[in-house]
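Two complexes are shown next, each including chain A; its partner changes from chain B in the first to chain C in the second.
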Partner chain A sequence: MLKRNRKVGFYLTLPAVLLMAAMTIIPVVSVLQRALSGNEAFGRLFTSPGFSQVMVNTALWTVLSVVGALVLGYFGAMILQSKYLRGVGLWRSLFLIPWIIPGVVGATIWKWNFSRDYGQINQVLLNMGVISSPIEWLSDPNLVLFALVIVQIWSTAPFVILLVSAALTGIPAERYEAARLDGANGFNLLRYITLPAVSATTALSALTLVTWALNAFTIIFVATKGGPAGSSTILPVLLYQAFQTGDESMVAVIALLQLVLSAIFATVYIRSMRNELEESAA
Partner chain B sequence: MNTRRLASLGVAALTAAALLTGCSTSGGSADGNSVTWWVPNWDAPAAKELVADFTKANPEIKVKLVETTADTLANKVSVALNSGTTPDVITELASRTQQYIAKDQLTNLDKLYTDAMPKSDFLPGTLADVSTGDKAFAVPYRWDNLGLFYNKDLFEKAGITEPPTTLDELKADAEKLSTGDTTGIGWQLGNSDSTILRFFGLAASAPKDPATNVDGAAHLTESSSKAALDIIGASVRDGWASKSSLEADSTAVRQLFINGQIGMYLGGVYDLVELQKNKMNVGTALAPGFDGPSKTAANGWVYLVPKASKNVSAAEKLVSYLTTPEAMNKLTLTFPARTSAAQDDRFHTDLAAPFAAQLSDHSIPAPYDPSWGKLAPTLFAQIQAVAIGQSTSEEAAKTIQQAADAALKGK
Partner chain C sequence: MKMTRTTRTLTWGTLSWVGLALLVIWTMFPIAVMVFTSFKPGNEVFAKPNTLLPQNWTIDNFVNVLTDSTVPQALLNSVLVGVLATAITMVLSLSAGYALARFRYRGSRALSLFILMGQFIPITVLLLPFFIAINAMGLIDTIGGLAITHLVITVPLVTWMVRNQFASVPIELEEAAMIDGSTRLGAVLKITLPVAMPGLAAAAMFAFLQSWHEFVFASVITQSPSSRTGPISLTEFAGEFTVDWGATMAAAVVLTVPVVIIFLCLQRYFVAGLTSGAVKG
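The block that comes next holds the complex of A and B.
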């Protein structure tokens, strides 16, 4: 009976397994095959004058946007957890808006916000007397990547708020009460109770954010197309530029590089998930 | 057991079928009486009227309009043609046609050029962009290039009596206009296509070793690139072109002009409608060059019928209708590609006249060879690099030349 059930289960899952395999393995093999058959593109990519700048941009973009989203996400989750806050459901819904709205819409809104001439940000800063002339957020090569990081943080922090809020809800109130009785102050509660209790969630959030950052395209492309002069070009934007110029071997090589980077983080992600499951089971 | 196995396989087959069916897009339908036409959003209102007239005369053919946008069009068309899931008619930029012809993705439309639509009726150069040998793979319907728009009120205020005719005059006028919140000129340096087309026009007008277009391939020289970079890039760096140029596309530059934040810009004749709607006291002139009028890159829009279309015959019928002088006149925002369609008064106003003269006497076809597409990211980045002061014109011209040589060699 058990053997029969297993077979039925196998056949019922087979369509999904086959489809998932087709949708993941075939593209990966195709990218590998294309990259290796056009391997001269490796040399062109690694020796191109802008490649080091793209890698530095990608690293900066990833680190800053992940750290920023985590900090802001934690902050938002703590606020939602506060016993002094009224209308938590409403606030949670408002905080989630940036994550829900389509990427192109969000990027376009921010492109206008950062506009030198029409942007709200410059207008507010000018009115407050903080600046005397408009800042070129999107056309100053020293500023543009940081401006775009703000947009990425804005769009991904709600995801962290959601996950961390759920994890915070799971911490028993007794722990905090016991710690207070032992004389713990606010910082100690955060350091010794809250953060350890949500560490697994933090790891998962961070790894998801890294994957998103490494695959981010819409915000940068809509706002600056990677400019000015490559100042905001990261790997996915470079890949698209190669696609636009019909350089298929370069597309495959950049895709492979992205695949390797994502795979490293995916491995860490899967391992941390497995550890979490094992801890829960224990 | 067999029943269960069959049931499982049935589920798998149904799921696959459902997914494959779900993958169908806005491509053409297999129904022989239905035509899907990808039309740019700015043409959509007039296109709806034309389709209504067409279906009245051809009730057996149903036309479905799918609106496209300028930013996504190239990518969308390329993906559709490569995948083989295509609409039946596509409105596309003329300069991109050759890359599709090279991949054998288009229907030969030579049979549409009959006595009612002779090739001799088309503006010079329009058919070259869409033909291989004597076979035409598209029908051009709209053609345009760039001219100079200037704000007459700002000119008067600055004591300038005539529009500039040379780049030296342009610079002098722009410097006079650059006071307070106004800057002399604005460029579309936030948009790659707009930037490189303006660059190419200036490079092709360079006094020494000008750039040329040989069979659709741009042949640049270091001196021609430097001459163009000295104008486009250096004007922003030196402050007589708006700093906003680096984040502006065509619409944004036009808006800066309407707001009085720039005194001049190079734009297409289609901007006149919007400028007049805003009651601008606007003047138009030939694009100033190094020693008289500059060449500007001429480009246009064409109708394509993909080879993978399932309704070629109905698609050709629609294209035949859309390229009649009346329909062409109705749809074009600039100049029609057929001379017989250009009789309407709106193509002969004082404000449109410089654009017509620019098109007939001072234009150069926009490059369409794939090497130009490969060069585009380098060109765009180098022009921006000069504008932000990251490179000198000499350094950028050298980098561009290396990339141009490599692109022409097919590296």
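The block that comes next holds the complex of A and C.
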């Protein structure tokens, strides 16, 4: 019976595996092949004047949006833990909305909010007297990437709130009480109970956020198309632009670069997921 | 001076509510602007200084979007693509998810990791190969062609969610039914599926939403209004030099409302499905 079951299990998994193989291995192999046969594109990419800017943008975008989302997500989860609040379930649902609305909608409404003349952000800042003339959020090359980072944080921080507040809620209250009886102060509680309990969640959130940031496309493309003059272009946007101009070997070379980056983070993810699977497999 | 219990409560209570208020503003302000702009007449949308609330509320933008644009067609296309992608995803994910939750065989762990890995491949990396493949199948600018591309996004995550759902149903329930003479399939259909149903429904909704949101593939696979989906139609109110922001915001509201309603109804299961892998550590 057991032996038969094993076969059944394998055959039940097979269709999904075959589909994913067709949709991931074949395209990746074709990208590799195209990149190697069109390897003159490596030279064109690395020597193009905008390339270093794209790499700097990608790094800056990733670091800032991941750190921002983690900080804001922890802040939100902590607030939701407060015993002085009412209606926590309602607030948590509200906080999740930016994460679940379509990316293209988020990008569009922020583009409108950032409008120099009609945007509410400039309007509010002007009314409060914080600024004296409107800011060019999306057309100032020195500012645009930071403005877009705000949008990415806005739409991804809810995911951190969700994971971290689930982890915080999972800490048994007795653990805190016992520590308090032993004379622990607030800092000790944080250092020895709270932080260890959420460390795995933090790692997972950070990893997920990095993946999202490195693969981000819709927010930037819809809001600025990577401009002005490439000042908000990151790798996926650069790839899309090459696709639009029909430069196939350039597409493949950038794709290869993206794959190498993703592979690094996927390896870390798989490492942590492997333990999880070992624990919970029936 | 030592803080008394009441002042302490007062301080922390106030701080909590202030923090909450800040987060609510940060979260909802852009959305409020979207909603209010969608109810503004054209002259107020482009007024300086611009007010948050409309002076004269109007539904003209919605009438425009729903009667005089490609948005209704695009929403219908989005529903069709979403239903098709979700149906295929669920067939594959129910079978694979059940197997991964219940059976251990040589290579089962490697296979589940392989399926899960799919979500790490950047969408833009797949763009050119998928475009070429869909083109070769003659499915460019069709609903079916776009739905196929969405499977690479939905299958890994949904298989994982389904696996977690099945794993949370005690296997003893199934075994009890089998001892009573039921076949394994019968036990699954009669016992496990009904117990896991809410979570599985949430997984299906999750697949649908992923498809509903998807922009990158849709922007290259669909080329005419006959297959163009909601997210693409939203970018079409921008002319060469001007954007009809009133209509754009109305279309954004139309695109967002179903998602928010679905989410709020099913969020309990979404949250459980998504976090069950993450919070145990």
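Keep this in mind: the second predicted complex is superposed on the first by the 267 of 282 C-alpha atoms of A that agree within 3 Å, B and C clash if a C-alpha of one lies under 4 Å from a C-alpha of the other, contacts with A are read in each partner's own complex, and residues count from 1 in each chain.
Everything below uses one rule, namely that a residue touches a chain if its C-beta (ideal position, glycine included) is under 8 Å from a C-beta of that chain, and two chains touch if they have at least 3 such contacts.
Keep in mind the model is a prediction, meaning the values are calculated, not measured.
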| item | value |
| --- | --- |
| Chain A as common anchor, with chain B and chain C clashing or fitting | clash |
| Touched partner set for A:185, first chain B, second chain C, both or neither | neither |
| Which of chain B and chain C A:39 touches, first, second, both or neither | neither |
| Which of chain B and chain C A:52 touches, first, second, both or neither | neither |
| Touching partner for A:105 - first (chain B), second (chain C), both, neither | second |
| Comparing the two partners chain B and chain C, which touches a greater set of residues in chain A | C |
| Chain B versus chain C as contact partner of A:136, first or second or both or neither | first |
| Partner chain(s) touched by A:227 [first = chain B, second = chain C, both, neither] | first |
| First, second, both or neither for A:20, with chain B first and chain C second | second |
| Partner chain in contact with A:117 - chain B first, chain C second, else both or neither | both |
| Contacts of A:247 with chain B and chain C, given as first, second, both or neither | first |
| Clash-bearing segment of chain C, relative to chain B, as chosen among 75-83, 219-227, 255-263 or 273-281 | 219-227 |
| Contacts on chain A seen with chain B and repeated with chain C across the two complexes | 7-8, 12, 15-16, 19, 117, 243 |
| Chain B-facing residues of chain A, complex | 4, 7-8, 11-12, 14-16, 18-19, 44, 49-50, 115-117, 136, 138-141, 224-225, 227-230, 241, 243-247 |
| For the chain C and chain A complex, residues of the former touching the latter | 9, 12-13, 16-17, 19-20, 23-24, 26-31, 33-34, 37, 45-50, 52, 91-93, 95-96, 98-109, 111-133, 151-152, 155-156, 159, 167, 171, 209, 212-213, 215-216, 220, 230-231, 234-235, 245, 248-249, 252, 255-256, 259-260, 263-264, 267, 271, 274-275, 277-281 |
| In the complex with chain C, residue positions of chain A that touch it | 5-10, 12-13, 15-17, 19-21, 23-24, 26-28, 30-31, 34, 72, 75-76, 79, 82, 84-85, 91, 93-98, 100-106, 108-110, 112-113, 117-120, 123, 126-127, 154, 158, 162-163, 166-167, 170, 199-201, 204, 211, 214-215, 217-218, 222, 235-236, 239-240, 243, 248, 251-252, 255, 258-259, 262-263, 265-266, 269-270, 272-274, 276-282 |
| Interface residues, chain B side, partner chain A - complex | 1, 4-5, 8-9, 11-12, 15-16, 19, 74-75, 99, 189-192, 243-244, 246-247, 256, 259, 261, 370, 373-374, 376-377, 380-382, 384-385, 387-388, 390-391, 399, 411 |
